[in-house]
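Presented sequentially are two complexes of chain A, the first with chain B as partner and the second with chain C.
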Partner chain A sequence: MLKLFQDFLKSLWPEFYRHRTNVHLNSFYTFTNYRYLWFISISVLAATALAPICIATLIYYQLIETSVDSDLNHRTKQLTVVAKSAVTYFMEERLNALTFTVNENEYKQLTDNTRLAEILKNLKLGFGGVTDLSVLDADGNQVAYAGPFNLEGKNYKNQSWFEQSLKQMNYISEVFTGYRDVPHIIITVRSAKPDGSSFILRATLDTERLMQTLSSYKTGDYADIFLVNHEGTLQTPSIHYGAIFTPTNLIFSAGSDESEVIEIFLNGKSIISGHSSISRDLTSTPFTLMVLKEKAGMLKFWQDMSFKFNWIMGASVIVILIVITFASTFMVNKLYRADKAKAETMMQMEQSQQLASIGQLAAGVAHEINNPLAVINQTAGYMKDLFSFEDQARNDDEIVEYIDSILDAVDRCGTITRQLLGFVRQFDVKIKKVNLHKLISQVLSFHKKEAEYRRINVTVSIPDSFPELETDSSKFQQVLVNLINNAFQAVEEGNCLDIIAGQLSPDTVELVIHDTGCGIPEENLKKIHEPFYSTKKNGSGTGLGLSITYGLVKKLGGRISVQSTEGVGTSFTIHLPVKINEGRKA
Partner chain B sequence: MQHTDILIIDDEIKFADMLAKRIELRGRSNAVCYDGRSALEWVKSHAHGITLILLDLRLPDLYGTEVLVGIKEINPAIPVIILTGHGTEKDRLECERLGAYRFIHKPPKIDELMSIFEQIREKSEC
Partner chain C sequence: MKILLVDDEQKFINMLAKRLALRGIEADTAYTGEEALKQAKNAVYDVAVLDIKMPGISGPQLKKKLFTLHPNLKFIFVTGHGAVEKSDEDGSEKDIYLSKPLDLDFLIETVQELIQTR
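So, the complex of A and B:
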């Protein structure tokens, strides 16, 4: 499980982040900054994928908000209309009942207290909410009274409602406390006595009943329904503004019969407010119905939904980002690997091209040197002959010795030029079955004494299943001799030399010659295959060993690579075909 | 006609002369030609009096291989050793195909040449 997680992280975390710059390879890379490429890839993909989502989300939110707003307004308006008609009906019903009473009874009957009490009783039974009834004459004197308060004989001439009542056929007052000290509403109907003078029938409505009617329309905890008068004073208690008679800033022009909805801010809360003045056909009332709904409460459903929506959105964005990162890492890694392989191939090609041209040059030089060498050789040989064959100098050993040293030097030059020629020359390929184990034992036998003497630990590991190679045995032998010689020269006393063979595929084998010797500094690694490159002191090496090995391995249809860390050791890895390619025989 | 042990065909005059002198010192008769045509003339006139021919591949007038073919036309029995400072593997294979006896790179070792000569002489005497 942990491994799976590590693999997952690895696939997200790109390989090129662990990339170490190699000065020799850098010039062959197509892209230089893979981190930047990766970053750009993720950014562009993320922007392309997320931008439409973000825009769509914004549009969605805006649409939802608009529709929720209009829905809220619509619902508030409806509630306002319904509550208004309820209040209007409440008023109208009682006013009509009063009008009916005036028309149905003679003035005489109405001024009879017993009769009046009977009418009050019927009104209470039929409609409810009526506290008392009284009859007033045109001077404001209370002529008759029925009800729980002792108000007989009172004069209302100077009260504003009385003045209004005389002017209009019927009248509905604001809520006030009056003589009885209890909030109430007065409804009056004007009529004429038999003698032609006016009288007024007054009913007092108890506000409790009105409040009950209003509160029956409250839906949920966030609604507030109440009445205000034209001055904005509360006529019924309000959740937001407080008790009855509290002044508010809610002032509306009277007479607007239409229900209107606006949005207001109250104590930092956004509130949808509906209002409509209460009026009836014949007379207007001083009341405006207010419906306040807290937006937050009404939005709760929407907020719950958008919370869920945000969760889903967040999760999707994270998943998209992970997928994008994964895809970008995968693609850039692929690109990086391909580029790396390309750079390595290009470097190898450049190296082999360089080798080929150096080889050709070397061959030309060798050709030109061989002829004068032959002349020197023959001349010195002739001088030696003279001393050897002619009697007078036969015993002059010193001169013979000098000439021998000239001949030795020419021989050495001859060896070098032959090696150089061998470097570019196509050798005759003798394909044979080669037993690697045997061949290595043969080569190592030359170093047996040296290994014992220098206490070098040589291990050979070749699996039993290792196939017999069909290759040019002499070339292969030369490769092994060169590499093993090199390794012996590189190791110090007590170091290790490992020869490890393995089969990579049915067609390819690998041979690693690893030593724990001095290693090759990085700046020299590129040059080791070049002819004449030698770090051996005093010119003891020709600098041709590894370049010849390089050419030989190529001719065997394989390739050779070297990994080395200075002070740790060097590994030469050879990949060879199990069976040499027919085309290479020529 | 006088018998010639070794005929040297080489345009590198100093080399050819020195080699000739050394062969002479070793008691073997020899002749030297510095170009292909004169060499072929010489071989034609001594067709049956030559034991061994040393032939350079790069001559001023003809290719060594052309000379080799010419010699083989005159007398296929004369062994020809190719002595060259330029020979490639391809040249070697070509020369062997055309009937060269040996293919030796310059500079040659006089003792090696002499021992080859002795082998050939012994063989021809048998």
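So, the complex of A and C:
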């Protein structure tokens, strides 16, 4: 179970991640740290792919914010201007009606309560919102009254609005409760009696009508429209600040007719606030119109949109990262495999070059040995001649025998060096005709003595009809040397080594090298062609023999297979083309 | 039958000459190419046995020079580099190569064969 899990993990990690450093191979790799390469590849790709997305997103958000801000400011300002003109109109309309009443009626008529009640009725009909009417003389005494509250005979001399009313042609008061305990606004118009003294016509406006006018401009849930006086006290109820007469910190200097829009923070909310003082041509009112718009509420649409946008962005970033990771892993793995193959090939090349240079060295050595051998040969020969041709020594068999043994040794040395040279010389010979029988005899001659000592029965069976092969003789020779060497190492005393050749088809021949040696255990069979795999102890083998053989047979356009049973024997079977394909000779 | 032996291995050809003499074959020795040319001017040989690698004039060079002096002369090359394939560069003459160490009987056989083909 655990092993299964480990296998699963293994298959998940790319090949290069499990790269083990091999001292022989390492120097041939182009890149050494594949994990680092992988990491760099992913980082660089991710950075280049994601940076523009991030920058674009930031710019997008900034643009949205600026445009939403300016749009919001603009709309707030517009609303402020519109609402202001409505409130102004509301005040002006009633003030004008009052002025008209004063101008059209004589003092006598106005002080007539019946007449005043009629005027009040007409005003209510025409404009609405007028609660009562009264006429005050210059001393503050109420001369006449029409309305629901019985306030006749009251004196207003000490009230601040009365002082103001006397000074100005007309006057609009703040909202206050006064004697009647109901929030109201007083509008007064000053005029002159026939005797020249001043009198005042006062009208009371209920705030209900004003509030209705204001709330008709409220658009959406996030807008708040209300009036404050110069001290910042609420004159109409506000969503944000509370009921009427609540003091606020919204204090603006009077007289600025322009609408202004600013951004404020209230209870942790960002609010766009527009304000404008309500003023008219002749007199100013104590009111400042406030328009508050919650930014968050207005931004809700944009926030909803950017939420979706963020989702899409996040998803694409994840997809990009996954694609980049997979692509990088794939590419780095490909690179790793190519690099691995290259490293292995280069190592093989280095080894074959080493073999070639060893061959050249052997050639030099053989040549140097052959000359003194020739001298020894001839000298010993001459000595033998002397004993043979001169009568007195002819019978000295002992000396002749000694000389014969010298000559025999020279002969053997000569044979060996000749074979060595013959072997070496073929390193640089390319494709030529090869007589298999000759080649095998040549290779076997190296093992002649060994076979005799160990009583190994070597049989070679090549049919007479076997064709001459046209192939790279040096490579083919190396294949034979390697396989026959291996066979000799595998067999024990008294075993057999059979070399059987046959023609399979006009184009293909088969060569079987069979021994009755120790065999190869099954678990090792698939590893024997791997480089550096060796069962020989203490590094006596390089583990390259069969690996090179495998490569060489492939280069010769053939294939090699092995059948082995442990303890019974091993057969190497080679299939080769009779004529090597010209394209494959390299 | 007269043979000219040319090799810078002096002991080798001295011994060879003596052994040939014991078998009734007359053989002169020369240690360099120049010496061989000098001797060839004064005498007529049937076969020249030449070492391929020699200081000064090499075996094949010497062969060409000797051939101009004696067109009927036959050549045998001897080399420490193993048996070289018989080459037919000239197209007409096929050279014979023998490898060191040399088997005397085989040399005599080869020489006799060469003379017989003449």
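The criterion applied here is as follows: the second predicted complex is superposed on the first by the 344 of 586 C-alpha atoms of A that agree within 3 Å, B and C clash if a C-alpha of one lies under 4 Å from a C-alpha of the other, contacts with A are read in each partner's own complex, and residues count from 1 in each chain.
Basically, a residue touches a chain if its C-beta (ideal position, glycine included) is under 8 Å from a C-beta of that chain, and two chains touch if they have at least 3 such contacts.
Not measured: the values here are computed from a predicted model.
Peer 1: Looking at A:481, would you say it contacts chain B, chain C, both, or neither? Reply first, second, both or neither.
Peer 2: In the superposition, A:481 contacts neither chain B nor chain C.
Peer 1: In the superposed arrangement, which partner chain does A:321 touch: chain B (first), chain C (second), both, or neither?
Peer 2: neither
Peer 1: If we overlay the two complexes on their shared chain A, which of chain B and chain C does A:382 touch? Say first, second, both or neither.
Peer 2: A:382 sits against chain B and chain C alike.
Peer 1: Shared contact residues on chain A for chain B and chain C?
Peer 2: Touching chain B and chain C on chain A: residues 367, 370-371, 373-379, 381-382, 385, 389, 410-411, 414, 418, 421, 425.
Peer 1: For a test of understanding, state which residues of chain A touch chain B in their complex under the given definition.
Peer 2: 367, 370-371, 373-379, 381-382, 385-386, 389, 410-411, 414, 418, 421, 425-428
Peer 1: Which of the residues in chain C end up touching chain A in this complex?
Peer 2: Those in contact with chain A are residues 9, 11-12, 15-16, 18-19, 22, 80-83, 99-104.
Peer 1: Can you list the residues on chain A that touch chain C in the complex?
Peer 2: 363, 366-368, 370-371, 373-379, 381-382, 385, 389, 410-411, 413-414, 417-418, 421-422, 425
Peer 1: Considering the complex alone, what residue numbers of chain B touch chain A?
Peer 2: 12, 14-15, 18-19, 21-22, 25-26, 85-86, 88-90, 93, 105-108, 110
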